[in-house]
Amino acid sequence: MEKYILLIISAVLVNNFVLTRFLGICPFLGVSKKLPTALGMCAAIVFVMTCASAVVWLISRFLLEPAGVFHTDLTYLQTIVFILVIAAFVQFVEMIIRKFSPGLYKALGIYLPLITTNCAVLGVAVLNVQKGYNLLAATLFGFGAAAGFSLALIIFTGLREKIDRSNPPQAFRGTAIALLTAGQLSLAFMGFAALIKM
Amino acid sequence: MPFDIIDPTIIMGGVGLSCGILLGVAARFLTVTVNPRIEALTALLPGVNCGACGLPGCSEYARALIMHGAKVNLCKPGGPKTMRQIAVFLGVEPVTMERQVALVLCGGDDKTAIRKFCYNGIADCAAAALVGGGDKACGYGCLGLGSCARICPTEAIEITHARLAVIHPELCIGCGQCVKACPKKIIQLVPESRTIHVLCRSKDRGNVVKKNCSIGCIGCTLCTKAAGNAIKMEGALAVVDYTQPLENEEAITKCPQHTIIKRSGRKEVPA
Amino acid sequence: MKTRRAMFRSKGGVHPASRKRATNAMPVEFMPLSKVLFVSMVQHMGAPARPVVKKGDAVMRGQVLGEAGGYVSAPVHAPTSGKVIAISERPTQAGLPAACVEIEPDGEDRWDAARQPGPDWKTMEAKALVERIVAAGIVGMGGAGFPTHVKLSPPAGKTIDTLIINGAECEPYLTADQRLMVEAAQSIWTGVQIVRQILGARRLVMAIEDNKPDAIQAMSAAMEGTDAELVVLKTEYPQGAEKQLIYAVTGREVPSGGLPMAVGALVENVGTCAAIYDAIVEGRPLTERIVTVTGAMVRTPKNLRARIGTPLADLVAFCGGMVGLPGKIICGGPMMGLAQGSLEAAVTKTTSGVVLLPHQAVQQFSSMPCISCGRCVSACPMRLMPNTLGEMIEAEDNEGAEGLNVMDCIECGSCAYECPAHRPLVQHMRQAKAEITKQRLKKATAAKG
Amino acid sequence: MNEPVEKTLPIAAKEPTWLASSSPHAHSGDSVRKIMLTVIIALMPALAAAGIFFGWDALRLTGVCIVSCVAAEAATRKLMRRDKGIGDLSAVVTGLLLAFNLPPALPSWMAVVGSIVAIVIAKQFYGGLGYNPFNPALIGRVLLLISFPVAMTTWGPWQILSPAAGVDAITTATPLGLVKTTLGTGQPLPFVFDGDTILQFFMGAKNGCIGEVSVLALLIGGMYLLWRRCISWQVPVFYIGTVAVFATILWLADPTHNYNPLFHILTGGLVLGAFFMATDMVTTPVTKTGLMFFGIGCGVLTMVIRKWGGYPEGVSFAILIMNAFTPLLNRMTRPRVFGHGQKKKQA
């Protein structure tokens, strides 16, 4: 039990996907302008990452690995199959959001379908396989990573409001100053380094 | 050996098929219809999103045209050309419209108009107008703090060093944003073919105007005689009636205050 | 009568130096008539008055010069007898042009013959009393100038159980209300009783800040033996603001966008009550008021009883003139008053003071970015976030500002007073409020047709 | 149009003579410069204490930091073609605070690097004072800590008054570092935390960064700031209070591996952080409730890092992380506006 809790804490704080692994920077910068939009993105990411982690683990375990039903090593198919599954989930989320929250759909724009190619989602799936987690651990790790992403995104959205009202030199306006801020935020998160040895 | 091909094929196919089926089922319940005509019409509009049509942006105007039958001549930046394109797209009769440009009806800058106090506050006309009506002694003068220039989508308005807003007609698209932004209400849309203008809006009596500004209209009525119908008196102020033709440049030379000027409109209409 | 301290302490507020000592012991002097009186038709909130006299007309003191331009409006009367020499357009104290009747006094100062003291007010109906108040052109004399009869006519079903008389005078420098309370406590008290009779208010509260012991003493002497209460407020700005005063006295918060009557309360300024006494008992319409002329640049600061329409320059001249060029000329108090471009403007029904500040007191500032010190947030009596609002409005995000309730701002100036970065916060708020009001009006008219 | 630096209009050179502006026409007379000056004065006792304990090195480093911060600020403002660079004295405060967070033996050039990062990257790139989301001095320090871990953790020797059995009486680590390393190797606590040690730690005869050693000097400065209304009491009280509560719980749960809460208060940069860095106006919330949560958050994070983290000291990281939460805290702790959402209250 303790192991799983530590796993989540580690994924949220110590090995935060955005701030220490630098994965998923695209939506991190893209949808951090308004809090409601960012929250919508967080919900979408949590759903996709958690579900994809579980499904991908099952596929990997029972179809691709030598111990699976085919009795052959098909792990070279990993990337393509994972993306296929993730894409299907993203499509599904997109449909739901478009149907029930057109405003959010419009606000998220291109960043919603882009979750498909979001390296954070694929990253969590690949890491799950690499680290040899069991199904529960993989799902929790997916959830923890998504929660860490959400935490970073929400903090950053708050900061973004302040930055948007700041007055940088012309060359640093927009994404440049946002990236600088993200860098400083990861400096701050260095404080969690070696908090949990995993 | 052939299994090497078959297994991955089965997997990819199987996974893909099941995802496809699931999404297909989901799509049955979650479809949203859109009107492709709106997007096509949006593409015809200039995309300045200036709001001159009274709607928040070009795509909203396109929607209003298709869904609610809005008028086809509302897009001022696009001018007659866009109006014709819209009319063709919608299959309706084109209407006549003349392109208009904005004009600041004040010539009183720091060299010619006096100030009644030193304004200390936000560098914005609307804010300055809340402090004693602005720092120009003339209550109808341009405050020169650039509210119009900041809102202009094409940066056609220049604030001179002597604090006066001047609109460059060759850049102006006639969207009318500055007209709304000016707290003194001294910006007006005029037909772009017109060249002779009275640059004053002061309703004050002549002696008051003279005290406040060296180039304000003092209501001497000399210009009205020279210009016929095209310049009329409104109280102590000469006003150009843009519905009447005015070619006679005598009015400019007659004006003792040099309030009347000749300014060219935009020459060519951009495509 | 019982005297007590205010029970409720609202959050926020600031403590500017009061600087009342120059005039708070100076008896009110009569200001002699000026050569020309400029009587503006915009002396109140609401529709401007419509001039009903012509150039060349002879007028008597108290004769109607302009009739009310609507329900929320008030008539304007001739401040003395004389001749109308012009009906012109002149800038008001706010710098906006307004119709103005110029009167040349004949020096005899004869009252209008039609004027007559009314019957005993105790026997009069509420409606008849209100009619006399309307006819006398009485408006709130604390500063806003809201027509008094509107306040005194609550819609059917609304009852006002608490009547609060505002003698707080929290603005620095000003002592007009204080001197009025000291010198005319009895007429204020009669005026208060008339208002109470009109409203049928159960509870009557006189509220005075604790830095005016002489006013407290005078008022309690006048109120001796009645069931009214005298509430002594802690000296703090803006104690005299309507909503803050109601909270301090009753603990009730006037809802956002609502009027005091929504919580069953009504606030009248002491000056207004004295004017009501004049109108009902003496039969005199509102033609004069007390103005404090003060500030370091005035040679001998004074409290003056001046006629409406007296040019500010004459007031200053009567006080010995200026000792040097002022840095700023303010109509009203330094916290909410209007800066003037000249001394050309004239006294109106709401002019409580003329303050001439020296250059060193008004050093020109240029604002810095907000340093988020939070002092404005602590100072705001409406508990707004002036720092965020200021930044939003600077970024022209009026909708965001509306979402953060900029419309609740009372423009008291506490935020800008405290701001170490000298940000023009009040001006930001004013700008946004004006813009939002414009948008709302547009929406309302669009919705209508 | 593109660089709206001057947001209010300066006075015109020629007449008219008097000003007009929006109300209010009165002002409290306080200014950013005066606030910064107060902070500088409040930091002086700690600087004096540093001079006493570390001698020339401390003063050298402080001087280097101040000079390079001010120079970096002036140069950047000039390069960006903006005026009003150093007049507000904020660069001096940044320099002082950065120096106070460095070990006394640090090479000067590293201090210069830290100063430039603090001023240029953490502050001026955002447009200068007021716009920076993170405390510049702390960004400078954390960057140095990560870039030069050895130099940033090299200290001189100091004497432990009551060492535990088997531990040297002279050490070259900070108290927190010493505890972390000895506990990390499975040994018991390195010294007895008795009355003498408490007094020693309180006065400042121990290892640590330049400005953090003398709790007494810092408290004098902190009280001065409180008295001058430059900081609000919420942050120091809730920050130190949270640390105390957290440390008490740990101590009660396991007294053999934890000192009593006074140890955590008197060591490391807690008092310096709580009074001078977690109270930096620009990067902390504006509401009183927000400041309370800010203090609590700093306290929890500090103790988590001290107890379980890789670094012995967590004050800098904790404050930086809470800086990131500041906009959210401001948003969540907006006061209830007068006359809104009022429950029916009877007078």
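A, B, C and D label the chains in the order they appear, each numbered from 1.
Just so we're on the same page, a residue touches a chain if its C-beta (ideal position, glycine included) is under 8 Å from a C-beta of that chain, and two chains touch if they have at least 3 such contacts.
The structure presented is a predicted model; accordingly, all values stated were derived computationally and were not measured.
Enquirer: Common contacts of chain A and chain B?
Expert: Expected: C, D.
Enquirer: Which neighbours does chain B have in common with chain D?
Expert: Neighbours common to chain B and chain D are A, C.
Enquirer: As a test of understanding: of all chains, whose mean C-alpha position lies farthest from that of chain B?
Expert: D
Enquirer: More C-beta contacts across B-C or across C-D?
Expert: More contacting C-beta pairs are found at C-D.
Enquirer: Can you compute the centre-to-centre distance for chain B and chain C, using the mean CA position of each chain? Integer Å is fine.
Expert: Their C-alpha centroids are separated by 41 Å.
Enquirer: Round to the nearest whole Å and give the separation of the Cα centres of chain C and chain D.
Expert: The answer is 48 Å.
Enquirer: I'd like to verify one number: the distance from the centre of chain A to the centre of chain C, where each centre is the average of its C-alpha atoms, in whole angstrom.
Expert: A distance of 60 Å separates the two centres.
Enquirer: Need the CA-centroid distance for the pair chain A / chain D, whole Å please.
Expert: Centres of chain A and chain D (C-alpha means) sit 33 Å apart.
Enquirer: Please list all residues of chain B that touch 2 or more other chains.
Expert: As it turns out, chain B has residues touching two or more other chains at 116-118, 120-122, 127, 130-132, 135.
Enquirer: Give the residues of chain C touching no fewer than two other chains, as numbers and ranges.
Expert: Residues 338-341, 364-365, 369, 394, 424, 427, 430 of chain C each touch two or more of the other chains.
Enquirer: What are the residues of chain D that contact at least two other chains?
Expert: 6-9, 11, 16-22, 127-128, 131
Enquirer: Going by the touch rule set out above, what shape does the chain contact graph take here: line, ring, star, complete or other?
Expert: Complete.
Enquirer: Going by the contact rule at the top, pick out the chain B residues touching chain D in the complex.
Expert: It comes out as residues 115-123, 127, 130-132, 135, 145, 149-150, 155.
Enquirer: For the complex, which residues does chain A have touching chain C?
Expert: Residues 164-165, 167.
Enquirer: Show which residues of chain C lie in contact with chain D when the two form their complex.
Expert: By the definition above, chain C touches chain D via 10-11, 14, 16-17, 172, 243, 247, 250-258, 325-330, 334-341, 355, 357, 362, 364-374, 377-378, 381-385, 387-388, 394, 404-405, 408, 411, 413-414, 416-418, 420-422, 424, 426-427, 430.
Enquirer: Inside the complex, what are the residues of chain C that reach chain A?
Expert: Within the complex, chain C contacts chain A at residues 369, 391, 394-395.
Enquirer: Report the residues of chain C in contact with chain B in the complex, numbered from low to high.
Expert: Interface residues on the chain C side: 89, 91, 94-97, 338-342, 364-365, 394, 424, 427-428, 430-431, 434-435.
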